[in-house]
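Got some structures for you, see below.
Each of the next two complexes has chain A plus one other chain: chain B in the first, chain C in the second.
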Partner chain A sequence: MRWIWIDKFVEFERGRRAVAVKNVSLAEEHLHDHFPGYPVHPPTLMIEGMAQTGGVLVGEALDFREKVILAKVTRARFHRRVVPGDQIRLEAAVVGEVRPEGASIDGRITRGADLVAEIQMMFAHLDQSRAPLELGDENFVFTEDFIRLLRMRQLNHLAPPPPRRDVPQEGRP
Partner chain B sequence: MRFYLVDRILELEPPKRIVAVKSLSLAEEYLADHFPAYPVLPGVMMLEALVQSAAWLVRASTDFQKTVILLREAQNVRYGAFVRPGGQLLMEVEAVGIGPAASRFRAAGQCEGQQAVQARLTLEHLNIADDDPGRADLDAGLRAFWRQRFKLIGGPQALAARAQP
Partner chain C sequence: MAPSRDEITEKVRQALVDALGVDEDEVIPTARIGADLGAESIDYLDIVFRLEKAFNIKIPRGDLFPDNILTSEEFVQNKKLTDRGLAELKARMPFADLSKFAQNPNVDDIADLFTVDMIVRYVEAKLAGPAA
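Showing the complex of A and B:
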């Protein structure tokens, strides 16, 4: 399987909050192991979905210059099981603000009106002393997949529409 | 990818503790995304490996009664060293208490002598027939599956080693 646990962003407020959705589908391989005959989306992968939603939110706030890594899951509580056919909504909010050393995220996962999970986590900016030496300055955390995800069409309706260009009409003087 | 995060049970003392190992192979697909330039075991997969180790301890302690064991709550999950391909995550999970429908644990994983993860976990245990009595056949199938898998990853040997004086 791939390692991308959100499908698209539906809301994004720079440095403050982000909302992503994920569809849970029987076409996903892990559901056939978890569990054979009784597919349930693993709670740990919902934590990862929140980490990806929150990680992009924190990374974008500093223009993806920092290597943002998950440092701690303070608490994750699960209230409902998520099964194939469900669409979950992952909402991440920065607690306070993004700081030089990292940021904390307060997250909620819902399915329709139902609360699925509450997750608090902390991200660290991997400083150069801890960064793997062989990597140099490359930011290995934010792969193109995530940046593309953020730039996908779904968010365009949130931005002001581009200025309309007057197109010369043919056949008119 | 497959979603089995325990490769071998090394020590098993129901209902108290389990020691198990997850070996990280570069052949695992998700490493291509996490990360292309620097493949490492994702932090939540370390957590999942702890959850699955704890679930084996529950099954071994309750004669495989409940077929679906899920994470209900994780607290204070802290990360240390990265686990890289070729490395092994050695997991040690101690039960705080195992009840019929839920259990609590203190869990930690290390790799090459360095702490990689630690966490406090609460798991819930259920049977599919609890919600839908008409689906008890699914429980029977899963129970047989878990018993077979337990043999595959060295559960009986770990139990036998403990029985030796």
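Showing the complex of A and C:
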């Protein structure tokens, strides 16, 4: 299962601002339990969607080298319910700039002209934190699979191209 | 014109209220950021971000909350700051009141130096000093 709660990016300004959209569908199984007979897109998943929008924004600013983790949800206020058929727009803006230790973002979720949620959160760069853990070099946040998915989802220009394989060319000496 | 101490205090208070979710009247000058206001490690970074934004200043890593003194054997022995460590801390935190701490410089008590008043004095020095 892929835990991804945004469908695609529609705007992206490196290190400053990103906008993603998410289409909510009754084909999403959890909506049948949340709640039976009254499907509502869970606010917790909107927080996750914002963390993914902001996390990619912050990660891309340093070419996905850092392990960007959600460190804190400073504030989250929800104003409206989101139901199947809705498309929500998640807008994340970096507060100030992305720093070596991490970044803070201001997030807004809207549906059409309506304000759905206001979310502030902080991201930390794991290797730069005060007590670095033994985590190895592999970036488990922005894995190859994840980068590949970004490439698929209209972020071609953000993620570096995959390494070229040497394919033997026919008809050449 | 440089903001007055009251203006600085008010903005610092707001930054702490927003970062830590505490009530405004809890943020008194002597309140310790960790022990009294409940800040955890990530909150210190949040506070730095908010101060930078509120005062339009740059706060380099370790400038307000020095974090690499404690890892040096030269500065810390038997969980206490050495004389050199204490001198280093004084040099790094001229805005903190170290008089009481210096009598028994236990590393575990360093966090208690981080008070609301210390942040106000840090910002005051930063705004008055040479451009960051």
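The working rule: the second predicted complex is superposed on the first by the 135 of 173 C-alpha atoms of A that agree within 3 Å, B and C clash if a C-alpha of one lies under 4 Å from a C-alpha of the other, contacts with A are read in each partner's own complex, and residues count from 1 in each chain.
Keep this in mind: contacts are C-beta pairs under 8 Å (C-beta built on N, C-alpha and C of every residue); 3 or more make two chains touch, one makes a residue touch a chain.
Predicted, not measured: the structure shown is a model, and the values here were computed from it.
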Exercise for review: Have a look at where A:45 lands relative to chain B and chain C in the superposition and call it first, second, both or neither.
Suggested key: first
Study note, to complete from the structure: Per residue count on chain A, the busier partner among chain B and chain C is B
Check your understanding: Where does A:95 make contact in the superposed view: on chain B (first), on chain C (second), on both, or on neither?
Key -> second
Exercise for review: Once the structures are superposed on A, label A:71 by its partner contacts, choosing first (chain B), second (chain C), both or neither.
Suggested key: both
Check your understanding: Between chain B (first) and chain C (second), which does A:115 come into contact with in this model arrangement: first, second, both, or neither?
Key -> neither
**Study point:** Touched partner set for A:26, first chain B, second chain C, both or neither
**Key:** neither
Review point. Should A:104 be classified as contacting the first partner (chain B), the second (chain C), both, or neither?
Key: second
Review point. Regarding the shared-chain residue A:143, is it in contact with chain B (first), chain C (second), both, or neither?
Key: first
Review point. Shared contact residues on chain A for chain B and chain C?
Key: 71-72, 74-75
Exercise for review: Show which residues of chain A lie in contact with chain C when the two form their complex.
Suggested key: 71-72, 74-75, 95-96, 99-104, 122, 124, 129-130
Revision key, fill the gap. Touching chain A in the complex, chain B uses residues 1-4, 29-38, 42-45, 47-48, 51, 67-68, 70-79, 82, 119, 128, 138, 141-142, 145
Review point. Which part of chain A faces chain B closely enough to touch in the complex?
Key: 1-4, 29-30, 33-38, 40, 42-45, 47-48, 51, 69-78, 81, 132, 135, 138, 140-141, 143, 145
Exercise for review: Name, in rising order, each residue of chain C that touches chain A in their complex.
Suggested key: 18-19, 41-43, 45-46, 49-50, 52-53, 61, 67
